[in-house]
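Here come two complexes built around subunit A, the first alongside subunit B, the second alongside subunit C.
For the complex of A and B:
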């Protein structure tokens, strides 16, 4: 959990807005540090967290969270965290073997045309199941769904439309019905101008999700090139619906990722420059 | 090569007489120690060497076990193939197990071309074993006397080198004895007839056959992390040659809009899943220059952990460009892993070039020696001039008048020199054809080296300052001469 980002977003683990759909995206940079931030943030806020980790193994997320001061294994044992390890689940489908109990959630690997219905069913069952009947003495707060990341689904052959459907269903179920939060990461490659013709899939997905989201954090590399002291810039975009119509506010920060956190600062105020 | 090592492992009862000295090396038994590996400084990951020491340095110490290194092939696949061979040769020397897959050449051919290791501390097994028996009685008679406490030590404790990273002589191939001692699994696609099935899976038959055979090897040989701990653990090195080429049945490189668009990415996803749960490490080469779709290449890169691209000068006009005469090609680092840590260790320089020396493949920071020399001379001259001037101005004021009159043309020449230098600098930047990517130009890389690693605008500022400074100095000089 990065305190500087919390103060930018004006939220603390004790008080945060519910029913938000947060979109994280990156281009020529890596936004996965934000996923780790939100994971530790919601675990500290005592939310019921469902994490779809599609790109890395559990040990990776666990090791990083340990550095941020949250233990994933403990959260899993307590029932606070439902961790879906995509890599492990996919193996039994990609290398079919007898006697393996195949999970239904990664069904789309067998035939991408089916869509992500089974994955959505997994999300709903893990999010709402515990919300109704909390097991054990502890009761958890509003449910939160984190996805790292959606563009892997595109690489595995799922159509961008199906991914958009999935995110819309998740938003309807988690944000609207259960008053929880959804955080999704999309990674795009290449330059913006190249995307127009080439990369319809992920660019379209990004546009569609930007339309749905209520808060977008867009991470980019520095336009002037690589620098050791500034890792990139993040554009924070709030979209609030008010009585007088939609209100959009945008702020731009530069960031540097450290070993155990990240620092955010206004443009040109890096300690390396000043 | 495996024999002496196994002998030590199998008969622990014979070990005690070996430890006849009172000095014993302190070992940490808690960590699993596998020859040819070392833990990472940053995050404690187990690393193995790629065989190219400079590449290890670039990747943050080495390849982390459980990760994939993607090499985008150069146009003739000569240097990428060389790195793959280095990777496999390092596995042979460290007695790791190998898995080689190819659709083009027989894996046996790739293994025969492995470079010969330069082993100064490694005794090759045939040398160790053969002389011992016949020479034993003779030894006793006329062998040189050595201190008694060293007498019972094994003749050669280092049957395989446990060192991390070795040097290789690319002009020679590895001796067959060493090569055959290594345990190697081969996957040659024509030997695995693929039956076409009517599943809707995005993965191709050839790729699923490869993944299946790799999984079998990992499972059978006990490379799984979850498997019960065998006596000694080992690393499996996986080398996959030219994935995505047409010979694998893939049409990525043939069409603008390939039918099996997601075959390779799905395979890489499966490969990552397999490697993360086992003690293995993979190097994959992909002919990326054939793949038209850059977005697809981006998603392939993201599914690998490390990604480097080789851009050789062979067949391009850069071969004759004097700027690049010392190098054989450029090396781009597209991705570095951030495993078990928040931040990733990007290399300090992004302008890297590789060259194949007579015996060795090496990667260096690419900078222009001519510019370097000019700058050094310029700076030295300026410093010299500066101190000289002030020294005389303050202490021998009577001398100053003469000196300033003398020095005025020098300062003019100097400022002219600085302007010329700047012009040359920017022209070379455009020559390298990389001026649109600020940090990619070799000159800027050099400047950032000089100035402590800032970005382009500061470099330009610096140059402007330089020009301004020399002009100001010349003006100052002329004023001084007027004043006096």
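For the complex of A and C:
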């Protein structure tokens, strides 16, 4: 959890806007540090978290979260975190082994044309238990869905339209019905101009998700090239009217990722420059 | 509820003629949903019956900011929570988007008057229903009597240009919105086709307040770059000079009296034509050297 980002987004684990769809995206850069931020943020906020980790193994996320001061193993044991490990689940479908109870969630691997309905059903079943705790004394807050990342689904052969349907259903269920939050990451490779005519690619998916989201964080490399002290820039765009009546608003920050956190600063105010 | 009363945008929002089909085109840089909600708000204020077919926002989001007295005439058709029928308890699925279904839906309401149909958004429908089928349904809605007018949102950057083009060809008015220069301002490009076939185009800058009233600023052609830098407009280049650019009356008189050296006055002319006698005269007496003989040019040589 990065406190500087919290103050930019005007949220703390104790008070944050509910019902938000936060879109993370990157282009020729890496926005996964934001996924780790939101994972630790919502675990600290005592939300019921469902994490679809399609890119890395559980131990990877666990190791990073440990550095940010949150234990994923404990959260899992307490029933706060439902971790979906895409790498393992897909393996059990591709190489079926006896005695392995395979879940339906990754059904789309057998036939990408069926869409992501089964994955959505998995999400609903894991977040709908929020609020009441059947096997423990602890009670969790609003449900949160995190996805890292949607572009993997495209690589697995799912159509971009099906991904948009999935995100729409997740938004309708988690944000609107249960008043929870959704955080999704999507990656765009290549140049902006290259993707313009692309009808079903990641850029098209990003545009579709931007229409759906209420807050977008877009990570880019520096336009001037590599720099040791500034790792890139984040464009923060609020797409809904906020409580103070402000309209669509965009702010640009530069950032540097440290070992145990990240610092955000206005353009040109890096400590290496000043 | 509009502050300005003669612009095309306010005209469109205030009440289009029956059989009208308004398309609000936006992109992911600026959302046209607020403008669509302003349209709903002003339609309700005119005592119209409004049916909303909502795919992209929930009922709460849509109704937020609408004034209570009109809400009973607003009929919300929830296509948001289950548009594809995944959960088996949907109110409206996308495959029901046909003339018969929509007519049936609109006629279910207790009001007998023809209603205004608002679609949020056509993009959702176009992703699942083929464009020709969508265009056919829209055309039938325009002609059929159940619906008085149709207004729809379209995310233009989600479709091929041809699809956007064919939908906009059906529309009687198209408003394309894009972000403006200043904070909450936006730019609207309006194309309006009147029944006579005349096409009017205009550009306007507008902003939407929290209670969904639309404020229309001056036209961008009058403002344009001038507004971008008001300081430049005000500065007077002759304001802080170290020398005097202007003349007082006495100074001007003195200036006009002065004859410049190249001016040719009468005195000068006479002075040149009749020089004074006896003042300076050249006396010349030829000597031997001046006696030059043309026949013998070498006469002066001692040979």
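Note that in this section the second predicted complex is superposed on the first by the 256 of 274 C-alpha atoms of A that agree within 3 Å, B and C clash if a C-alpha of one lies under 4 Å from a C-alpha of the other, contacts with A are read in each partner's own complex, and residues count from 1 in each chain.
We adopt the following convention: a residue touches a chain if its C-beta (ideal position, glycine included) is under 8 Å from a C-beta of that chain, and two chains touch if they have at least 3 such contacts.
A quick note: this is a predicted structure, and the numbers were derived from the prediction, not measured.
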First, second, both or neither for A:187, with subunit B first and subunit C second: first
Contacts of A:159 with subunit B and subunit C, given as first, second, both or neither: neither
Partner chain in contact with A:112 - subunit B first, subunit C second, else both or neither: first
Contacts of A:207 with subunit B and subunit C, given as first, second, both or neither: second
Partner chain in contact with A:8 - subunit B first, subunit C second, else both or neither: neither
Superposed model, subunit A: greater residue contact from subunit B or subunit C: B
First (subunit B), second (subunit C), both or neither touched by A:236: neither
Touching partner for A:57 - first (subunit B), second (subunit C), both, neither: first
Intersection of the subunit A residues that touch subunit B with those that touch subunit C: 199
Sites on subunit C touched by subunit A in the complex: 28, 30-31, 34, 56, 58, 60-61, 80-84, 86, 123, 127, 155, 157-158, 160, 179, 183-184, 207-208, 210
Of all residues in subunit A, those that touch subunit B in their complex: 30, 32-33, 36, 56-57, 59-60, 63-64, 67-68, 87-88, 90-91, 94-95, 109-113, 151-152, 154-157, 187-190, 194-195, 198-199, 201-202, 222, 224-229, 231, 257-262, 272-273
Subunit A-facing residues of subunit B, complex: 43, 199-203, 208, 211-212, 215, 261-262, 265-266, 269-270, 272-274, 276-277, 293-295, 297-299, 301-303, 338-344, 346, 348, 350, 437-440, 453-457
Subunit A residues within the subunit C interface of the complex: 117, 120-121, 161, 164-165, 168-169, 172-173, 176-177, 199, 204, 207-208, 210-212, 239, 241, 245-249
